[in-house]
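The structure appears below as structure tokens.
Chain nomenclature is as follows: A, B and C, assigned in order of appearance, with residue numbering initiated at 1 for each chain independently.
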Amino acid sequence: MIETLLEVSDLTVGYGRVTALREVSLTVRAGETVAILGANGAGKTTLLNAISGVLPVRSGAVRYAGRGITGMKPWATARLGVSHVPEGREIFPGMTVEANLRLIDVHGGGPDFSIDDVLEMFPRLGERFGQLAGGLSGGEQQMLAIGRGLMASPRLLLLDEPSLGLSPMLSRAVLGAIAGLKARGISALLVEQNMRAALKVADRGYVLRVGRITAEGSAAELEASPDIRRAYLGV
Amino acid sequence: MDLLIQTLINGLILGAGYALVAVGLTVIFGTLHIVNFAHGAFFALGAYATLLIERAGAPYLLAIPLAVLCVAAIGFALEATIVRRALYDQGEHGSIIVTFAISQAIVAAIILVVGPDPLPVPSPFGQTAVSVGGFFLSAQRIFIAAASVAVLAGFALWLRRSVKGQQILAVSQNARGALYSGINVPLIRSLSFLLGIAAAGLAGALMGPMISAFPTMGDANVIVAFTVVILGGLGSIGGAMLGALVIGLGNALFETYVSVSWTPALGWVLVILVLLLRPQGLMGRAQLDRH
Amino acid sequence: MKLRAKAALAALAVLVATPAAQAADPVKIGMVLPLTGPTAGYGKDGKLGADMAAAEINAAGGILDGREIELVYEDEKGAPQDGVAAVQKLMTRERVQAIIAGMNSSITLAESAITKNRILHVNPAAQADAITAQGSPWLFQINNTASTNATIFHTYLTEQMAPKAIAVMGENTEFNKAVLENLREIVGESSVELAEIATYDGATTDFTSIITRLKSTGADMIYVIDAYPARTAQIWKQIRQQGGFPMEAHAVGTVQRSAIVPAEGAMEGVITADIFIAEGATGDMARFIDRFTEQNGVAPNKVSLVVYEAVKVVAGAMDKAGSADDYALISDTLRGNVWTTPRGALSFDDNGRAKAPYFYIHKVTGEDVGLLDTFEVE
């Protein structure tokens, strides 16, 4: 039996009077890569933020590795092995690439990741090692953000739009790297607008539409589903 | 020529003192986005704590670290009870009111407990002046400059080398990003607040023997520190050090060679020029990633 | 048993006292002092003097057939805007019958704009001539004007001490302006040279460069014009650290223990002057000093004295005029009579200015000033 690593049940999240997520439930099993698909504003980023603890939860529960982590702060979930690579990268622009990686001092209990491992995965970062992160290109910043997320040695990586704004070539490189993480036993919850790319690396997926899960299935099933098209076009 | 050398020495020593006050202010602003109007009150607390510890029998050099600990303890109490609840993530507007209120409360407490009259803060360096080749150097001022430079260098090294130091910089550059990096942002903010307050207390303990302890002693120094911080770039620690040097030397040269009465305006003129030509300050970064 | 008797007595006292209190409401006098801020020490000293005066008046049966004096304090915090707010609050909310306000000249000028033609205003300590030069009919000043004080002191400096050149430093204030104007005048008539005048702003944190500059002029006398105790101490410490000057003087009426003590000996030997000195006091003044010291545990200074006199003079004039709110009558009474104070007979001229009977040249000695010379003021 494959262990369930993350279990989200009936999660409702809102900002003020606006409800961004309504009774969302999903699971991620150990070693699995799961995609969350949906149009802009469907609530994908909110979902990841609620899991990692950046956003408070209104109701519902998040269980991770057998324990409840609902409402836990992000620095606490990071210590348990949940690492969040946010939308917009959120790197430290005035610090060098090296410093961005070195300042991570949590160990999430997943496979060890050293700076060398990160540089091996993203050789471009090695070339820019001593430069200020603010001067990197968008793709390089994305690599840095993923590298930083890995420095926390996570068991579960939350990835928010890693290919956003990247050239097709860089986008492939980044998604290829994500596929490689699976081999090291790291689970991933991947939020993507680029449906095709996401389903290429994911095992399973969920379709999120205006705050609700409207479909779920294996990557192949979803690719064939008409529902997914509706979700993206917002019809 | 002699006058120029004496003036440059004056300016360098002055700048070292300013740097200590300004760095505390900028660390707090950088990580907490709080404009700490209570900085001067903590400066005064540093001087009074030194004075009271000396009266209890400790020598000045031992009283300084003890006083800094006292100020940090008071800072911690205020941080945990008021600042943390009222201010974090509330932006600069609320912080002005709350820190101003804290400042008034501290000043009132000093008047109540110790009284309003200025009091001497004894120092073994006293009024001693060292005369080197015809140049007068006050021993206390040399001590202030040496201690400031040592503490600031140590602090800069710690920020650069230690993980906690790097996390302080990270929080000041991008607090959201720090949250996503597993950094305990509130803890780092509390730590930054304490460090900033401790720097203010240390500055008060060092400068007390020179300017005497009185309840509003911090006001004028903090006004200068504000110009230093804006000049160097809000939140930039290197900028604060550079700004302090510029203002210290600038003031000394201007006072000696141009006009005494216009000197306080010099700092603000420099600030306006810098803001016009380089709005992020001398060492500040242009805002890249703010949402 | 004993307790019950005491309680009964107290109840009886209340019964007896109540009708009398209703018949005579207290006369409220608004006291505006710097109770906080950089000159809070002056506020503390002044309050001791005022409280003592009110207690003495009330113990002697009050004024206007048994009405007590009630002092209502407001804090001017050492800032003009706070002084104005304090005066307004006292006039409109507390409905006081007179205002006693005046330590710092710039603040007093701002306050006097509010009180002009509206209420009796007595300025105990501020010296700038501009205050009483505005022709305010109900404004009076206990202290000498800056020019009266300065004329005597500057004449003493130029003639008795006779330096070759004077270097001056002082804060940019109304008081400083008045003193400097007089200095230029007096020095202009002598052979003494004014080497340099450095006027600094209140926000100045360090004086080393100013002193360096002044020393470089080769002047043989330094003259400091500053009324803030802490800054005075700091300036003299820094002057001492740079080797000092052959002759050293500080402006009239601004040197108290509150500056001398924190200067830690750096002011030793500095020449200054005032309308008051405790040393060698006789007669009424000696009795005042003894009473004050006994009640407060500290000796009075000039500030305590002038505020004490201000309260006494206001109460005396109201009593003599037979009114607490006919300000024209009270003002005429003030001008038309001679008032006995610890310093001696005090009278007010048309501008409302009193002239001190005596003027003392001081020399800082130990933790206080010592008497160097006495002048009788014509």
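Just so it is clear, a contact is a pair of C-beta atoms (placed from the backbone, for glycine too) under 8 Å apart; a residue touches a chain by one contact, two chains touch by 3 or more.
Computed from a predicted structure; not experimentally measured.
S.K.: By label order, what chains touch chain B and chain C together?
M.R.: Touching chain B as well as chain C, we find no chain at all.
S.K.: Which chain lies at the heart of the structure, taking centres as C-alpha averages?
M.R.: Of the chains present, the most centrally placed is B.
S.K.: Could you work out which chain's C-alpha centre is the most distant one from the centre of chain C?
M.R.: Relative to chain C, the chain with the farthest C-alpha centre is A.
S.K.: If you average the CA atoms of chain B and of chain C, how far apart do the two points sit, in angstrom?
M.R.: Each chain's C-alpha centroid was found; their separation is 35 Å.
S.K.: Please compute the C-alpha centroid of chain A, do the same for chain C, then give the distance between them in whole Å.
M.R.: A distance of 73 Å separates the two centres.
S.K.: State, to the nearest whole Å, the distance from the C-alpha centre of chain A to the C-alpha centre of chain B.
M.R.: 42
S.K.: Which of the residues in chain C end up touching chain B in this complex?
M.R.: Interface residues on the chain C side: 35-38, 40-41, 43-44, 169, 172, 198-206, 208-210, 212-213, 216, 229-230, 233-234, 237-238, 240-243, 258-259, 261-266.
S.K.: Which residues of chain B touch chain C once you look at their complex with the stated criterion?
M.R.: 3, 6-7, 10-11, 13-14, 17, 107-108, 111, 115-120, 122, 126-129, 131, 136, 138, 141, 210-217, 219-221, 223-224, 251-252, 255-256, 260-261, 263-265
S.K.: Would you tell me which residues of chain B are touching chain A in their complex?
M.R.: Within the complex, chain B touches chain A at residues 163, 166-167, 169-170, 173-174, 176-185, 285, 288-289, 291.
S.K.: Which residues of chain A touch chain B in the complex?
M.R.: Residue list for chain A touching chain B: 52, 54, 73-75, 78-79, 83-86, 88-95, 99-100, 102-106, 108, 134, 148-149, 152.
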